[in-house]
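In the two assemblies presented below, chain A is common to both, partnered first by chain B and then by chain C.
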Partner chain A sequence: ADKISLIPQDFFAELCEQIIQHLNHKIPGINTAELCQRIQTSGIEINAGDLAKIANIFSFLFSTAARNNLSTEELVITLGNAVSTLPKHALQVIRHVWNEQGKSISVSEDARNRASVGQFVDMKWKLGVAMSSDTCRSLRFPYVAVTLSVADPSGQVTDKSFEMSIPQFKNFFRQFKEMAAVLETV
Partner chain B sequence: VFSPLAAPRQAPSKEALRQLCRECFSSQPGDLGPLTLRLCPGLAAGPEEAEKLGAALHSLTRHVVYRGFTRAEDILALFPENFHQNLKNLLTKIILENISAWRNEAQASQISLPRLVDMDWRVDIKTSSDSISKIAVPTCLLQLQIQEDVALCGNSPVVSALTVELSKETLDTMLEGLGRIRDQLSAVANK
Partner chain C sequence: MAAPEQQPPPPEGSKLLSGLLSGIAQTTYYGNADITEELLRGQLYPEAAPEEFRALRAKMGGLLQSIASADMDLNQLEAFLTAQTKKQGGITSDQAAVIAKFWKNHRVKIHESLISQSRWDNVLKNMNWRVDLKSQSRHVDQINTPVAIVEMELGRNGKVGPCERVITV
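Moving on, here comes the complex of A and B:
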């Protein structure tokens, strides 16, 4: 709870917004890493792990409240003792967000949420040539570097980066085309 | 640095020397002495000389790969003047034979992002779940085996598995991105 008080009101509101949008399946995941970076840039010292935990807590809170059709007051009561430890501005945000959007959260989760594996969110890429290294002065080794953003079931988005040689990339591409072909026929 | 090699006590067999060169290229400085003693026992007088010899071979082979030499003349030029002629020629021959494999090894072990080692996939159709009784959603399950940076892991590579689910839409997004990479590759190749 003391970590929550570190987060400025507008960032906390943004976090809650993202959580609600994720619960509504409007966005595939909550980008805590990116939000954390912006909070840190504004001078606040908070680490991604803590922000992720906070996101999880409120995600659970909101989804439970949605499933039980809680009104704003009932939601605040659910918070119980925690209410006194939460900073006033956080409570204000929770009330506001729930008043505005609490009822709109669709309780029936569709098939996609049943997955126990991560959901693919985005892919970023880069094509590079390693020119030289401590082992080879003239390397000239082309490679493809890829960053996959994956949302875990709770909505946290994590990035995984890796490299491929060109032959590996060609195989990679071919496999995806095969996957798409199979998905078409199924 | 070459002096221990200049006058070998007992000429090692070609095969033993070949193996020694390979091992010296791939090994770390600390292991070179015992390695040399084990593979070519007659070559060095004792552990200290073996260490110097191993180190010399390690430096020589690594230098050739670093500079990218492909011609015998370039390699021969590295040896000192009074070096044992036959041994010099034999070593040069061995090095030339192994350059390409060593270059690949150097490329494979250079610092990099984690590398994709393997990928497996499966297409499923979700027919029902506890909240919805009848659906037919095709999805793709992809598992990527990613090996962490070799330079960091040394001899015990750490491989982690990343399992991702893709829908038709997200798969199309992925294909679009990959297509753009392919286009870029062709554009660069044609320059």
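Moving on, here comes the complex of A and C:
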């Protein structure tokens, strides 16, 4: 709870917004890493792990409340003793967010069915050439480095990075082309 | 081509040197730890004294290292080996020929091995995919949406990594 007090009101509101949108299947994931970076830039000392935990807590809170069709007051009661530990501005945000959007959340079984599959969010790539190394002065090895942003079922977005040699990349590209062709015809 | 100063070594000499170079490549570039110095000496130069063999192995290993590190092409190789034949305590032109032949045959494989020694990040080891069609869903907007599921195996340096399964639409 003390970590929650660190988060300024507008960032906390944004976090809750993202959580609600994720529960409504409007966005694939909650980008806590990106949000954390912005919070840190504004001078607040909070780490991504803590922010992720906080996101999980409120995701659970909101989804439970949605499943049980709680009103705003009932939601606040559910918080129980925690209410006194939460900063006033956080409570305000929770009340506001729930008033506006609480009714619209329909929590489905989908998330549980997709337990082992993450959702693709974004892909970044770069083409590099490894010129030289301690074992070989003249490497001259071109490669493609890719970072995939994937949202796990709880909404947490993580980045997976890997490299491919040019032949490997050509195969990678060909597989996606085949996939795209099949997706068109299905 | 420099005239040999001594009697041309018996064909065995070339075969032995070639064997030595292979053995060096096995440990240094192909990761085969079983090929020890003792093993090589026993198999190829059983009559040689250990220090003598060590010196030979070190010399040949050093030459191979220089060639591999610069990933020499044929021109560079010829210039390099010719210079080595002219050096004090260098190599004979027959040895140069053996080394040249060895490098021509092993260049690509050794270079690839050096490349993989320098790749420390995750590498895409394997990839499988499937296209599903969602026919039923509580969310109307997801009905009849084709979905591609991709399974990627990421790993590094021979270790098997986690399998990432990713859904894309």
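List of remarks:
Throughout what follows, the second predicted complex is superposed on the first by the 168 of 186 C-alpha atoms of A that agree within 3 Å, B and C clash if a C-alpha of one lies under 4 Å from a C-alpha of the other, contacts with A are read in each partner's own complex, and residues count from 1 in each chain.
Basically, a contact is a pair of C-beta atoms (placed from the backbone, for glycine too) under 8 Å apart; a residue touches a chain by one contact, two chains touch by 3 or more.
Every value quoted in this text rests on a predicted model; they were computed, and no experiment measured them.
Of the two partner chains placed by the overlay, neither chain B nor chain C lies in contact with A:A33. Of the two partner chains, chain B is the only one that A:W125 touches; chain C does not reach it. By the touch criterion defined above, A:V186 reaches both chain B and chain C. When the two complexes are overlaid on their common chain A, residue A:V117 makes contact with chain B and with chain C alike.
More residues of chain A are in touch with B than with the other of chain B and chain C. In the superposition on chain A, contact is made by A:F173 with chain B only, not with chain C.
Once the two complexes are overlaid on the shared chain, A:H25 sits against chain C while remaining clear of chain B. The intersection of chain A residues touching chain B with those touching chain C, taken from the two complexes, comprises 108-110, 114, 117-120, 130, 133, 135-139, 141, 143, 145, 148, 150, 160-164, 168, 172, 175, 179, 182-183, 186.
Of all the residues in chain A, the ones that touch chain C in their complex are 25, 106, 108-110, 114, 116-120, 130, 133, 135-141, 143, 145, 148, 150, 160-165, 168, 171-172, 175, 178-179, 182-183, 186. If you check the complex, the residues on chain C that touch chain A are 68-71, 111, 114-115, 117-119, 121-124, 127, 129, 131, 133, 137-139, 142, 146, 148-150, 152, 154, 164-169.
For chain B in complex with chain A, the residues that touch the partner chain are 62, 65-68, 103, 106-107, 109-116, 119, 121, 123, 125-126, 129-132, 135, 137-142, 144, 146, 162-168, 170-175, 177-182, 184-185, 188.
Residues 108-112, 114-115, 117-123, 125, 127, 130, 133-139, 141-145, 148, 150, 160-164, 166, 168-170, 172-173, 175-177, 179-180, 182-183, 186 of chain A touch chain B in their complex.
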